[in-house]
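As written, the chain order gives the labels A, B, C and D, with residue 1 at the start of each chain.
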Amino acid sequence: MEILMSILIGFLFMAAVYLILSRSLLRIIIGTGLLSHGTHLLLLTMGGLNGKAAPVLKDGVTDYADPIPQALILTAIVISFGVTAFSLVLAYRTYKEIGTDNMELMKGTEDND
Amino acid sequence: MSLIFAIFTPILIALLIPFLFKRVPKIHTGWFVLIVPVALVSFYATYLPSIMSGSTYIDELPWIPSLGISFISYIDGLSLLFSLLITGIGSLVVLYSIFYLDKKKEKLGNFYVYLLIFMTAMLGVVQSDHLISLYFFWELTSISSFLLIGYWYTRDGSRFGALKSMMITVFGGLMMLGGFLILGILGDTFSIRELIAQTTTLATHDLFVWALVLVLLGAFTKSAQFPFYIWLPDAMEAPTPVSAYLHSATMVKAGLYLVARFTPIFAVSEVWVWLVTGVGIVTLLWGSFFAVKQTDLKAILAFSTVSQLGLIMSLLGIGSIAYHVSGDLVTTYTFATFAAIFHLINHATFKGSLFMIAGIVDHETGTRDIRKLGGLMSLMPVSFTIALIGSLSMAGVPLFNGFLSKEMFLDATLSLQHFNLYAMDTWGILIPIIAWVASVFTFVYSLYFVFHTFRGKYKPEQLPKKAHEAPLGMLVSPGILATLVIVIFFVPNFLGNTFVKPAVVAIQPLTYAVPADVGFTIKAWHGFDSIALYMTLGIFLVGFVLYKLLPKWTAIYQAIPSKLSLNKMYDGLMNFADHGTNRISSLYMTGSIRSYLLYMFAAIIMLLASTLWIKDAFVISFDNLAPIRFFEILISIILVVGTLTILFTKSRLTAIIALGAVGYTVALFFIIFKAPDLALTQLVIETVSVALFLGAFYYLPKLNKHEKGKEDRGFRLGNFIIALGVGVMVTLIAISSHSQKLVPSISQYYKDTVYSEAGGGNIVNVILVDYRGFDTLFEISVLTIASLGIIGMITVRLAKKKGDRKIENK
Amino acid sequence: MINLLLFPVLIPFLFAAISLFFPKKVKAQRITAITGLLLALVSAIILLVKVKTDGVQALTLGSWAPPFGITMVSDMLSVLLVTSSILISLFVVWYSFSSIGEEREKAFYYPAILFMLTGVNGAFTTGDIFNMFVFFEVLLMSSYVLIVLGGEKVQLRESIKYILVNVISSSLFVITVGYLYSVVGTLNMADISIKLADIGQTGIVTVIAVLFLIVFGIKGGIFPLFFWLPGSYAAPPVPVLALFGALLTKVGVYAIIRTYTLFFTTDVGYTHELLMIISIITIIAGCIGALAYFDLKQIIIYNIVIAVGVILFGVSTMNESGLMGSVFYLIHDILIKGALFLLIGIIIKITGTSNLRKMGGLIKHYPILGWSYLIAAFGLAGIPPLSGFVGKLLIVQGGLEGEYLWQSIFILASSLVVLLSAIRIFIYAFWGEEKGSHDISPKLYRHLMAPTVTLVAITVLYGVGSEFLVPFMTDATSVLLDPSVYTDAVFEGVK
Amino acid sequence: MKTNDLIIQTTTKVVFFIIFLFSIHIFFAGHYTPGGGFVGGLLMSSAIVLLLLAFDLKTVQEMLPINYTILTAIGLLISLATAAGSIFFNVPFFTHVYDYFYIPLLGETSIHTAMFFDTGVYLVVVGVTMTIIQMIGGDE
């Protein structure tokens, strides 16, 4: 399963990068969303997927899933939520201010000498 | 007064200068400044007797002793000679400047501060026994020279010249520092004296030659040797007192000093002999040849200085052959060193006076263009006399000190035939020939300088001012120098014994222990069997003919293609710095985030792929894997389908909802992989996120609106290849990492202690609030900050209020 | 006071949280910010003394034994960086009083700075690799807020690029931590160090080392990952730019130094060789950029890139001189970049433009500004006895001791480009005929000059007083040379 | 987003309280079973969002006159203070203590300082999500 998951994660990263490289701001932000999904699944996979029980104490259970990656993922999820919310508002403001969501129109090189 | 304190005196006094300039406007600030070099020259003069008897002095001020970095002032024959030159000529120059620079019109405060900084720097250079402090003062001379050349900073020429001189000399300085560091590492000391003591072991090391070349780069750039001389003519934009002081008498001689000082360390290498002699002799010829072409008085003198510096440099090179020979030949070659030092002093006297005269002419007529000048002899008789003395000395005519050293120079070049290093006995014959040719040109431009200015027809209509003799005060300094020119001719050996011999001891410590050992005497007459005598006569004869025929042959200068000139190369480099770099930069700094990301991802893929390949790091192991169950495959398929939907949909609503679906699928994964907390959180967050997405993109245009048509196949293909690469790398490394769990995880500890020590049951939650609660504390701060930013974005809109002022954003 | 090493992290945090209660009271905001920074500075200095006398300080939070809790570690390098970061923030805040404008001050400008400082100090202090990620996020999120605050067009445009790049780098960071966790099963940096040393040279570890270089390299602005930097840094107002320029890249550089001396010491022939090559190309790229633009901000920004290359070159030599030089240069660069950005900020305020070709002759009316700039420029170029000299000297010495002849000469030569780029500003802005508008009141000028000149003076002291710094630098270097000093401090009394 | 339908509004109020209570439950359960301050806080905010959907922004602001920035700051300070309490006992930052107490009505209960910390988390999450939603919803 871990190998399958690795491939799946690779696929998510591929899709994410493809989206990030496109011109539309929305697609880019969606890309970052996929990126964090991939990241979180990767963390989980790196902890190993063959735990038999959730890491919540229960009598008679010894084979718990690795709790560390889960804790890390939780932290990461919250942080990416914050970043996503921020970028959404930024995208929204940018669109209203600059009038486009096409990144290729936001080069700004004309300012340079 | 300790020696170190003496070095820093000028810079300390400099702190008072702006104050004096402001508060005592009635007295020319120069008078206060004058006290400094006069006091110092008398101070250093007191060392003369003991130095003549062969003793040395040392004084140390630690700067960073932990790293072995100190200011060490070391006074021996060589450094004392230079110190006296710096302070002596310095006194005359300051005196001259008092009359040259107007106390009302000029920013004297700045001028004298720079000049005093320079004085400290120069004293430091010639007295430092410590390599790092030598470098420190060396760069300080470059900087003060920069400020002095740029003194009239509104002139384009000043700024150009200042930058040019700084670029070239600082470049040399940096290279020199590299050489110093190599020496320091090889010898495990930064002290020059200690390095001299171990020169034979140093020379065996591979890096030794590199140190040598790097140090010589410093010397050659500073002393305006070929091909680095190009900054010196442009440095003539400085006020004339500066040209006389820095760019003829002292700073440019720092390179000569450096060569002399390092001769005991480097002379054991053949490379040194060849480089120093060769570069010197080429510079001599080059400078003298191009001096004739110049039309600006100061430019003639600048090229003449270049050429004379080359002459002294080549003498030092010939002198260093003494380290390669034995017996009588040692004296033969140390004679060149003796001549070098003697000529160095002579040059300071006659060139200093000539610069001051050029300044006087400029000051009194308003121009330095030799084509407009002429016939000033009767109007400015004193100046003419001084100029004549200086020029004839420069030309090597008897009755003036230049004759003596020129003869010695010719003798020294002839001595090369005795030496067969890399066929120097055969090739070496070229050197006297070049020396002779160069001396002819020297003769020509000397006459050209003095006679074209003072004789011929007076052309008042071309002069901005009505010419008349300079005020007495301005003539004092050049007058003193001109007097010295004659006095030295008549009592050369006083000078030789007092100044030259102690310096020679410092350069040739293996041969001579005390100044009294140096057995040379300077004679004006060597007898009829001296080849140098006939060479000199030839110079006068040919030189005079060429001078008379001047207009006939100067056309050859036009034949030299200007594009090949070194100045053009410098301009080309600077042009590259100004514009070429911009062109290069705009190739990749496009402002398009996509292209930046493309480069970045491409680099990441390449780095990772090559590391995986080179290190053979890809490992796949099928042990310890979780089984694949049916619904896991099902969820995976949903995930893939959801992702593909995002990729291919044209509707933004679909894309957002598909993203949500992917998020829920991830939550499903969390459930089946036993992570209920994650699943719960992911579900709630995904819901809120989708709501936010919808809220924020409510107003936005249709997805792909801009991309239709424009998004060509190449664009997509590029994106796809890069994306694929990233995906593959992530997968490969994930598989490798998972297959190489080299150390068991620490997680067992949490399972063991969560109830007993942390008083909880949900391990993940306890980790979050307890074991790793610190993460959580700052995780919620991230959220807090994000909300602040969002408030800021929504409420603060400077762009609208002020209009789009581009003040800070351009 | 075993929690002392947390104070420089927590005090700015506390004051940031407090100032959220009264966002619209500008005066109170200012006082809170300054008080917080001063207290943080005091605590950092006390910590500095403590680390000097008692050696590396370590604390595992929550009384859990390392490696199970999060460990915070203050070694000399970390505490030096912490102290200088607080110092720079203090000057920037002081400078902001008269330049940032009320609108921004009322929109959480100061809390954002304090939060960013929290993140920066946390990243410098943490001894846990995932916790470092969290602190990175704290400082990044604050920097997002600062870069966009004001909502000018260019800010919005560049913020998107900045955030995008950093989101990618953060994701890479997390997956790299994931890979590392899979291989060594731990997150505590001291523990990682010990375990990696036991494992020895393994391919996957080298791959992870390269990944870390990429992750931190994006933050640090190394080639070929720096492209985003010049545009993004130029967008916000000058005080923010000064903070970014002085601090943010340094966090990346610090993280590279930390990981490449603590973790990845088993395959130096590959990893550090790579680091050296990259650092040299970084310098070239920086040099090209520093010369390419006649724009004040761009020139100094590209000099950040050059400095990063120089510092990392010193690290890649892995010998005492090189590492000590890097530490010297790192702190120098924080101070001097801060000073330079504040200086050009004043020039921009006076002339109303950052285009060099549109200004000139400022020295006549603003001599102190001119001379301060010149001193800072020479300091930047490493002219002795100013601040950049000793660091560069040691770095080159380290290069030569490692017999990297050409590379070392190259580093020296790059100083010339630095000098040219910096002196060009002096020649164009201060020399020449007077040009451009001069709309600045004498009062504003004085208010902006006060912090700036003080900072320049500090950089001068830093250079001249290098002797007093050497013992600190030696301590910092000894930890870098010998990871066991670090790991022993963490596991003291545990194993 | 204006709906003046009375039935929906009343239902919403009821659902709001149910979700609110559930969020409190999830929050307290966190230490032993899945849940905790973060999820609890998010649930609470979704309850408020529900109110927003049923009423308009202004009404909700009148019903819950909370300055969410200050709420966030309070949450942050509670978390910090809980963690920082250990500073005064000169034990490492973040050292939690817990004990079992008998509290009337609730019976044997464990009081854990981690709970206070989680309360801070809860408040911050509510404050932040609400700020974001208000900002996006309230912007023209």
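FYI, a residue touches a chain if its C-beta (ideal position, glycine included) is under 8 Å from a C-beta of that chain, and two chains touch if they have at least 3 such contacts.
What you are looking at is a predicted structure, and each value in this text was computed from that prediction instead of being measured.
Find me the chain with the mean Cα position closest to the mean of all the protein Cα atoms on display.
C
Could you give the separation in Å between the centres of chain A and chain B, each centre being the mean of its C-alpha atoms?
Measuring from centre to centre gives 49 Å for this pair.
Mind checking the centre-to-centre distance between chain B and chain C? Centres are C-alpha means, answer in whole Å.
Chain centroid spacing, chain B to chain C, equals 27 Å.
Using CA atom averages as chain centres, what separation in Å is found between chain C and chain D?
Inter-chain centre distance comes to 37 Å.
Need the CA-centroid distance for the pair chain B / chain D, whole Å please.
Going by mean C-alpha positions, chain B sits 64 Å from chain D.
Could you tell me which residues belong to chain C and also touch two or more other chains?
Touching at least two other chains: 13, 17, 20, 61-62, 69-70, 130, 134, 137, 141, 144, 148, 151, 153-154, 160-161, 164, 168, 175, 178-179, 181-182, 187, 231, 293, 295, 355.
Of all residues in chain D, which are in touch with two or more distinct other chains?
32-34, 38, 69, 72-73, 76, 80, 93-94, 96, 128, 132, 135-136, 139
Please output the residue numbers of chain A that touch at least 2 other chains, ranges allowed.
Within chain A, residues 20, 25, 38, 42, 45-47, 54, 56-57, 68, 74-75, 78-79, 82-83, 85-86, 88-93, 97, 103, 106, 108, 111-113 contact more than one other chain.
Is the way these chains touch best called a line, a ring, a star, complete, or other?
Here the contact pattern is complete, since every chain touches every other one.
Considering the complex alone, what residue numbers of chain A touch chain C?
Chain A reaches chain C through residues 20, 25, 28, 32, 35-36, 38-39, 42-43, 45-47, 68-69, 72, 75-76, 79, 82-83, 86-87, 90-91, 93-94, 97-98, 103, 106, 108, 111-113.
Can you name the residues of chain B that touch chain A in the complex?
582, 586, 589-594, 597-598, 601, 620, 622, 624-629, 632-633, 636, 639-640, 643-644, 646-647, 652, 655-656, 659, 662-663, 666, 669-670, 673-678, 681-682, 685, 688-689, 692-693, 695-697, 699-701, 703-704, 706-707, 710-711, 718-720, 722-724, 726-728, 730-732, 734-735, 737-738, 741, 745-747, 750-751, 754-755, 761-764, 767-768, 771-772, 775-776, 779-780, 782-783, 785-786, 789-790, 793-794, 797, 799, 806, 809-810
Touching chain A in the complex: which residues of chain D?
Counting only chain D, the residues touching chain A are 32-34, 38, 128, 132, 135-136, 139.
Per the contact definition, I'd like the list of chain A residues that touch chain B in the complex.
Contact set of chain A toward chain B: 1-27, 29-30, 33-34, 37-38, 40-42, 44-57, 64-68, 70-71, 73-75, 77-79, 81-86, 88-93, 95-97, 100-109, 111-113.
Could you list, by residue number, the parts of chain B that touch chain D in their complex?
Residues in contact with chain D: 676-677, 680-681, 684-685, 687-688, 691-692, 695-696, 758-762, 764-766, 768-770, 773-774, 776-777, 780-781, 783-784, 786-788, 790-791, 794.
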